[in-house]
Every structure is written in C-alpha cells, then in structure tokens.
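Please read through the structure below; I'll follow up with questions.
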C-alpha cells in the first residue's frame, strides 16, 4: 500500500504539487493523466525518491530500491540492444522472450544508439520489465509508439503486472492506453488531484466520476 | 618532397641525439598526458555531473586556465622551482620531471574543462536512467564513465597533442639541454634559429608522424567503443 | 587494433630504451666511465655536473658543442648547457640554477656583479666581430664608411629598413649602444623593425624584407645558405667587437641565503680554468677554419 499524506512540493513560484491524502493499494495499475505541467513527472520522481517533499510523507510500503523508475527520456547505453536489456535484469528474466514480446528480436545485435525513437522506447520498456520491480513508475513509456503498437505494449504491460502482482503508476496522454491498462485513473490538474477513481466508473459515464472525468479530459 | 625524404632518412638512421630527443619527447608527453588525465578526468566528471555551490565559479576558473599561455605556465613553475624559489631544494630545474610538472599545469585544466563538458552534457540523463534501474552507485558512476569513454579518448589525445607540440613552457624550465632535456619542439626551435631549416623541417615532419601514430590506434579504439 | 596498440607501445619502449642507453654513452656518470681508456678521466670530481647558462647565440654558433667534449673527456665533468635569451640566462644564474655564465653583454654582466651574484670578475677571454649585413646592392652606401656609427647614420638617412632583434640580448644591447653613439633614436621610425626574436629569426626576417641588420659573424656564416638576399657589408670596425665573458656564480650570494641553492664552485672554476687555458685557446683559434675557411673567434691577449 502506497500512502501519501499532506504532501507539498514547491517547484517554482507559481507551481506547487499538493496532495493532502492518497492511497494506492498493492497490485493496482494507476494511469496518471493531466495536461503538461500538471505535476505528473514530479509525482513520479517523488515516489521514486529522486526528489524529496517539502512537507508531508510518502510511504511506499516497500523496501527502498524495489521500485523501478523510467524517466521521460530514458537513456540507451553504448552496446547492443540485448546488452542494454541485460543491464536491467534483477533476479531472473527471460531475455529472448522479452525481446520477442517488445518486437526487438530482430534488433538484438544492433547498436542501441542506432535504433529509431520508437525502438529505443520499446527497449527501455523491456529493460524495466526485466527488473522484476514490485512497483513500476513509468513516465510516458509509450509516447513514441504508434496507436497499434501502443495498444499491444499496453496489453503486455498489463499482463506483466497481473502476472507479477506489481503495482504500476504510469503517465500517459492517451485515454485509450489508460483504459486498456489501468485499474484506476488519477487526474492531476495544476498541481492538485482533480480526480482519483476506479476505471470501472468510466464505463458508467452517468456516474459523477465519469461525468467529471470526461469534463476534465476536454480541458486538454 | 626532399624534406619528407630527409625526414624519413633521419627517422630510419637516427643519430644518438635524435634518438634521445624522440625518447625524451615521448616519455615527457606520456607522463604529462597521463598525469593530466588522472587528475583532470575525475575532476572534470565531478565538476560536470555534480551539483554544488560554487560550481559555476569553478567552471569559469577552469575555462580561464584552459587559455593559460604555455610560457606563463613555464614561468610559474620556474618561479616555484628555481634554486631560490620555495621548492628550490628539490633541485628539479632542467630535468624531465619539471617539464612534466609545467605541462601538467598547462594540460590538466584543458582535460578538466573538456571532460566536464562531455560528462555534463549527458550525465543527468544517464544517472537518472541508471538510478531508475536501481543500479548501485558504483555501477552508476561506472556507466557514466563508460558512456563518456569515447570522448575521454579524444580528450587524452588532445592533451597528448598539446604536450608534444608545446615549446614555451618546456624550453623555459627544461633549458633545452643537449642529451638531457632537449625535446622535439625545442630542437626544432634551435635548428631553425641556427638557420638549418632542412633539419628543423625534418624534425617537424617526424613530430607529425608521431602524432599520427598516436592518432591511429586512438581512432580505432573510439570506433570500437561505439 | 590491439596489435596496432601493442606495436605502438613496443615502438615507444624501444625508443625510450634507446634514448636511455644513448644518454648513458655520454659521460653523465663518471663513477662508471666507459671502457675506452682514452676517455677515462684522471680523477673523479665529487660533484660532476656543471650547469652553464648561456645565450642562444653562443649555443647556436656551435662553439660549445665543439669545445666541451674535450673538457669533459679530460676532467670527467659533465657540462649541462642551458641556453636561453641573455635575460633568461642571467635569470637562471640569479635563481641559483647555474654555476657559471657565458655571455656577451657588458652592461648586464656589470649589473650582475653589482648585485653581488658573481664569484669572479668579468673574465673576458675571446671576441668576434659583429657585422652589418644588408642587401648586396647596399642602398644606403655603407660599404666604405669607417665606423659602425657612421654606417647606422647612413642607414637612418636612406631609410630603406633595419631589422633589430629587440629582445634585450647582447647583440641588441650592442646595437643600441651604436645608435647612441650615432646620436639617433630609431625606435619610432617606420623603417625600424623591432622583432623581439632570436638572431636566426631576425636574419631570416631581414633576408625576407631585404633590410640591414646587425649580427654576430658566426651566426651569419652558419646560416649563409638560407640568406641569399643578404651580404656582409661592414666588418671589423673597432666599435664592432663582440666580447665574450665568463662569470662564476657566488655560492654565498646574499639572495641565496636561507635557500638550498647549491653552486658547484669547484666545477665552475675547473671549467673557467680550462676555458682560459692554452689547450682551449688552440681549439678556439681553429674553430670555423675547416667549415667556413676563416677564424671566427679571437683570443684576448692576457
């Protein structure tokens, strides 16, 4: 269980991330949604422990180091695709299967710095999945994929989390992706939690959350 | 063409003095570059990736020192190590070690500045990714160094180039003593001053051949690293 | 690739080994003299290294490399000749980094003595002639004038150009004193080029610009082949003597008090004694005869 209480993080004169209270149960998959500058990356970096809050507390309910974090622009290291993937392995991982699942099987021996933008992003996602983390914090991990590939990778991510019981927080701009992966939706707006609720509510748009979600979405 | 022929002839039939000159030059440049890199690369990486107070001041100082004229570096070392200077008791004047010291003073800022720029450019992305992958601190630093390695080779090569071609500092503290502290550049200066332009030019060509020889493996190494 | 690296390393090692063995052939270590009997010195000096500071012009003329091996073979000393501009050479001596000086600049030598650095008086032991070189067609018409001062006056009047070393060296000081006796201040004139360079560079520049210059004869002769536009127009006037002096450095000079400066007085004296000897005199008188067909340095009568 992730528990955030009275969190305040001031980033600039006109932007402060404020979350009075937020709980995420183990095994949930949360899609972070919100316009640019809403605080999505800041929240992920706070959870990853890269920055610390000015006030309040974050309790991951996990030992430090068991959360994997992927920044918005992850770096691919020198060496081949496969070598990059192996760098991410903690414990055991089926590297050939991961390569296959992420459409990288044919690129295993290719120099990673020569991959295309989409290929690099798939590699970085695969590298995260190889780490067997109990909490995955991913900052727009599928932004460079086309819609079809994005859908497929979203399903892969979902299956992976279901199988391992890992908790997932990922930011995204695409409602379809959010819908196909997440169990919960967290909408950030101007540093505050605008909405946080069950994905199922979306399927009943007449509910309060569904109405508000759709209203928020139009803001973007 | 004649000059190149003469240079090759000299290189193939070196007299005792030429062998000494080339040997001393290589030894001096090897140590100058090596020590400068040992000091400058870690310092540059720390400066490039670190976030601390006074960082921009330190970077500015380094950039200023990168433009230190060789004669001034020589002069500073001369004032420190001359017989009546504070380190005069070490009796290092007119030796190869003092030439190395003067060159280290000259080259370390260049290595530091360039490696700070190289590491600074990518360090944030590399370290955030590596940290996100929960790699150990040692591994993170290792990865950063590994990613910057191709640039480090270029930087070391630049340091070597500057060392081998530098004359102002080494002639002042080395004294251009025959069979002792005479190196390629001071020999070229001497020969051209004597009006023996043929030998001067031949020596110059040999100097460039040595630079070329150092460049080839470095370039191959860099290609291999990618 | 690795092979290439290995090859380069090997080359570097071979060269440095060669360099080390090369320098060991020199009598750097008289305690272990080479096997050739003739080279074995009579006695081994306690402090075998003599540090001689001199000007580039002395070193460039080739006289020292010609003279010193005889001294080193005889005594077992090793003379390390540090050559730089006169100012720097005297600077080395004042810093305690030279045991003796060989220079040719009366004013600066006297200042050195006045400041209490000298262990000997000015031991002027030889001279050569400065010469005025210039374009062979002699546009200022100096060829038949009596003194250097007269020549300088003519050069100033013609205004066709003069290249000066401008580096405060012995040669430059000599030039300045000739201008003074000609009562001319050329420094602001457009035909006067103050280069701030050594003798060789100055002659090369004069050759390119086709202008007059003052030089020591030995340097000019040794460079003659690369100076096709220049000829000796005036030599051996009384006011054109270039006198070389030896000066020992005083071990207990005031400036050295409280420092670790160690002057090899014994070695310096040995070298001075030898330079003033008949053996050296004979060598000096012969110098240049073979290569240039004339005597370049003349001994001062004792």
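Here the chain labels run A, B and C in written order, and each chain numbers its own residues starting at 1.
Simple rule for what comes next: a contact is a pair of C-beta atoms (placed from the backbone, for glycine too) under 8 Å apart; a residue touches a chain by one contact, two chains touch by 3 or more.
It should be emphasised that the depicted structure is a prediction, and the values quoted were computed from it without experimental measurement.
Visitor: If I average the C-alpha coordinates per chain and also across every protein chain shown, which chain's average lies closest to the global one?
Guide: Nearest to the common C-alpha centre lies chain B.
Visitor: Name the chain whose C-alpha centroid is most distant from the C-alpha centroid of chain C.
Guide: A
Visitor: Averaging over Cα atoms per chain, report the distance between chain A and chain C in Å.
Guide: About 78 Å separates the centre of chain A from that of chain C.
Visitor: What is the distance in Å between the mean C-alpha positions of chain A and chain B?
Guide: 47
Visitor: Using the average of all C-alpha atoms in each chain as its centre, how far is it in Å between chain B and chain C?
Guide: Distance between chain centres, rounded to whole Å: 31 Å.
Visitor: Touching chain A in the complex: which residues of chain B?
Guide: Spelled out, the residues of chain B in touch with chain A are 122, 125-126, 128-135, 143, 146-147, 149, 225-226.
Visitor: Show me the residue ranges of chain C that touch chain B in the complex, using the header's touch definition.
Guide: 1, 4-5, 8, 11-12, 15-20, 22-23, 25-26, 28, 51, 53, 56, 59-60, 62, 65, 80-84, 88, 92, 94-97, 198-201, 203-204, 219, 222-223, 225-227, 255-256, 259-262
Visitor: Could you pull out which chain A residues touch chain B in their complex?
Guide: Within the complex, chain A touches chain B at residues 48, 50, 65-71, 73-75, 77-78, 87-88, 90, 111, 113, 124, 127-128, 131, 133, 137.
Visitor: What residues of chain B sit close enough to touch chain C in their complex?
Guide: Against chain C, chain B makes touches at 16-17, 19-20, 22-24, 26-27, 30, 78, 82-85, 88-89, 91, 93-94, 171-172, 175-180, 190, 192-195, 197, 213-214, 216-217, 220-221, 224.
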